[in-house]
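In the two complexes below, chain A is the common chain; its partner is chain B in one and chain C in the other.
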Partner chain A sequence: MSDLLSFWATQLPALLRGMRISLQVTGMALAIGIPLGLIAALAVQSPSRLIRLPALAVVEVGRGAPALILLQFAYFGLPSAGIQLSAMMAAIAALSWTTCAYTSEIIRAGLQAVARGQQEAATALGFSRLDELRFVIVPQGMRVAAPALLGFAILMLQATSLCFTIALPELLSQAYQIGTITFRYMDTLMLAALLYAAICIPATVLVAAIERRLDRHTA
Partner chain B sequence: MTWQGLELVAWGIPWTLAVTAGAFLLGAALGVPLCAMHVSRSRVLHGLAVALIVALRSIPPIVWLFLLYFGVGSGYLKVGAVQAAVVALGLITAANMAEIYRGALRSIHPGQWDAAQALGLPVRSELVDVIVPQVFRVTLPSAATYIIGLLKDSAIASTIGVAEITYLANFLSRKQFNESLTIFAFAGMLYILISLPLAALARLADGRLRARVAQ
Partner chain C sequence: MVRQAGAETIVKVSGLGKFFGAHKVLDGVDFGMGVGEVLAIIGPSGSGKSTLLRCLNQLEPHSEGVIDICGSRIAADAPLSRRDLNELRRRAGMVFQSFNLFPHMSVLRNVSLPQERVLGRKRAEADERSRALLDRVGLGAKADQYPARCSGGQQQRIAIARALALDPKIMLFDEPTSALDPEIGLEVLAVMQELAEGGMTMIVVTHEMHFAETVSDRVLLMAEGKILEEGPSVEVMRNPKTPRAQRFLQAVMNR
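Here is the complex of A and B:
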């Protein structure tokens, strides 16, 4: 046991470095993907086919294809079209796409949950369509969508482990690397699993608490 | 992309389906006792179920896969790649199915339990003839949606060398580097095509089966 603990103590710094990269990728994917998801959510409801159909394609492919395929498409596929991305850039691009696709559905549900009277009131007050979205519909819809978006953020952190396959030195890659050097796969992978759990479990509990809190305010 | 290339990647379909189906069957079966433990009156069993479900869901699938394949497989007992993929994804499925079952159980009208008791049905019959058929109907649409997610998660089996769609796409893209864009696009399309009938089934099941559950 003390042998395991001292092994963990020596490997922890490398794994924490990996974890920082995992968190960075998660943060970037969410920062880029969620605004795109909002745009996609509005675009798929557009009456214009020219806007609706491309948005639908982006969303359906992003949700339909495995994130692993999107990652490898960005990292191994795009170079054959002359676009060379670093592992970090490919990871952010692919996971932003996934985020955009999934969050657009979450946000769309949130926007639809806004009471119809709100929209009618905005129209009655003479708001332009843009102002109506900006000041009335989107702020309320996003509040409804918030718990589901936070839950998705936790899944996204887990999804960064897929970046192992494109040689991004995130948490799982670091653990695997140490495993191949020391041949103590079980011990290193267990520590990596604990680190993922150390973030995801408190985050899940927190999201559930936020959800209960927001529930209190809706009739 | 040549015809042979398409054919090679398409040969991964049976393995993708096998891993998905194997993991789902394992998970759907293990989910039953896990759900039973969760709703059990025993605090120990309930706590154990909660801990298992939380652990299975908060550690990424690929980490479970590596723990089984490289961790358990490297010292404790020999684990094949397909077995590791089925068991790892199956365990995660068990946790999620347990939650789906639990939600379905809660949606059964309490009057159904009362009625079964009023009729003097034995406990076995109460469960088998009254509750489970209704739980099954409520579960089906969520299960179909879950299988679509599982289908996509099965792509991680490529990392340990199971010759499914993603693995073969990877393999081919290394040989025909200048076509890798089309190869991965094709692989992604295959997943979407496979999930289309599943999605249609989920929608159909949702409408039809919900109508046959007592409200």
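Here is the complex of A and C:
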């Protein structure tokens, strides 16, 4: 047991470096993907086909293709089109796309859950279409979507482990690396799993608390 | 109290028709009203009262006929641009059966935000006006609460204040007390009566027969998408001419 603990203590710094990268990729993918998801959610509801169809294509490809394929595509596929991305950039690009596609559906459901009377009231007051969305529909829709979005964010952190296939030194790559050197795969992966859990479990608790807080003013 | 309707016409509707699919919910509706008049629209459910009201501010675009309201002319085959519609809607305030306050904003923000976005008022100026209006409907103390903390009657009075804050030329009420229990409805009716006495031009779709008879100057009685009877309130409600109107009033007055 003390052997395991001392092994973990030696390997922890490398794993923490990996975790930092995992969190960075997750943060960037969410920071880019969720706003794009909002835009896509609005675009797929547009009456104009010119806006709706491209948005639908982005969303359906992003949801239809596994994140692993998108990662491989961004890292190994794009160079043949003359676009060279670092492992970090490729990871952010691919996971942003996945985030955009999935969150657009979550957000669309949230927007559609806003009571019809809300839009009518904004219209009847003479709000422009943009103000109607900005002040009335989107804030309420995002509140509805927030718990599901936060749940998705936790899944995204776990999905960053796929980046070990494009040689990004994130948490799982680091663990794998240590495994190949020490042959103590089991011990290393256990520690990696504990580190993922150390983020995900408190995050889940936090999500529940935020959910309660968001419900405050709803009748 | 019957006031003399102003000579100036504010609403004129001719040949108004509205289809929902193949179903014709409004059929050849004609009426007009002057500035300062209070018009009640009564009739059985499904007679097209609310649809008529919602055509006036184009929440429902109409299918046939012409609406002249607050200086805008809307023909069924020539709908207004969103810009012109917004201008019309600013001048025609609407109050809904279900209040439709914005639940994520404080009461004060509910009343101030439209002034800022639609009229371009500064925050301080809008808040000042909002507080004055909230005081007027008896809810000055609720300014910093959220709508969910207010009773239905209070929410409806806030909704009235929100519409009044845009300085409308006419107020459209769509069954403003139907979602309230009768006792709570009275506080809303009192605010509306005060508005009417202050000279506000109002169209009120309602099931409150007492209000229709005593506060409004004229009554339109609708059934099956048409206006059955129209005239001074007491006359229409006490001496209806058509059998359908007699049946309806018999049913609602003697309960």
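The definition used in the following text is that the second predicted complex is superposed on the first by the 210 of 219 C-alpha atoms of A that agree within 3 Å, B and C clash if a C-alpha of one lies under 4 Å from a C-alpha of the other, contacts with A are read in each partner's own complex, and residues count from 1 in each chain.
Keep this in mind: a contact is a pair of C-beta atoms (placed from the backbone, for glycine too) under 8 Å apart; a residue touches a chain by one contact, two chains touch by 3 or more.
Predicted, not measured: the structure shown is a model, and the values here were computed from it.
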Clash or fit (per the criteria above) of chain B with chain C on chain A: fit
Chain B versus chain C as contact partner of A:70, first or second or both or neither: first
Which superposed partner A:162 touches (first chain B, second chain C, both, neither): first
Which superposed partner A:121 touches (first chain B, second chain C, both, neither): second
Touching partner for A:176 - first (chain B), second (chain C), both, neither: first
Chain B versus chain C as contact partner of A:78, first or second or both or neither: first
Winner by number of chain A residues touched, once chain B and chain C are compared: B
Partner chain in contact with A:38 - chain B first, chain C second, else both or neither: neither
Touching partner for A:140 - first (chain B), second (chain C), both, neither: second
Closest approach of chain C to chain B (Cα atoms, Å): 26
Intersection of the chain A residues that touch chain B with those that touch chain C: none
In the complex with chain C, residue positions of chain A that touch it: 115, 117-118, 120-121, 123-129, 131, 135-136, 139-140, 143, 216-219
Residues on chain B engaged by chain A in the complex (per definition of touch): 54-55, 57-64, 66-67, 70-72, 74-76, 152-153, 155-156, 158-159, 166, 169-170, 173, 177-181, 183-185, 187-189, 191-192, 195
Interface residues, chain A side, partner chain B - complex: 60-61, 64-70, 72-73, 76-81, 154, 158-159, 161-162, 164-165, 172, 175-176, 179, 183, 185-186, 189-190, 192-193, 196-197, 200-201, 204
Complex contacts: residues of chain C adjacent to chain A: 57, 59, 82, 86-90, 93-94, 96, 98, 100-104, 113-114, 117-118, 146-148, 159, 162-163, 166
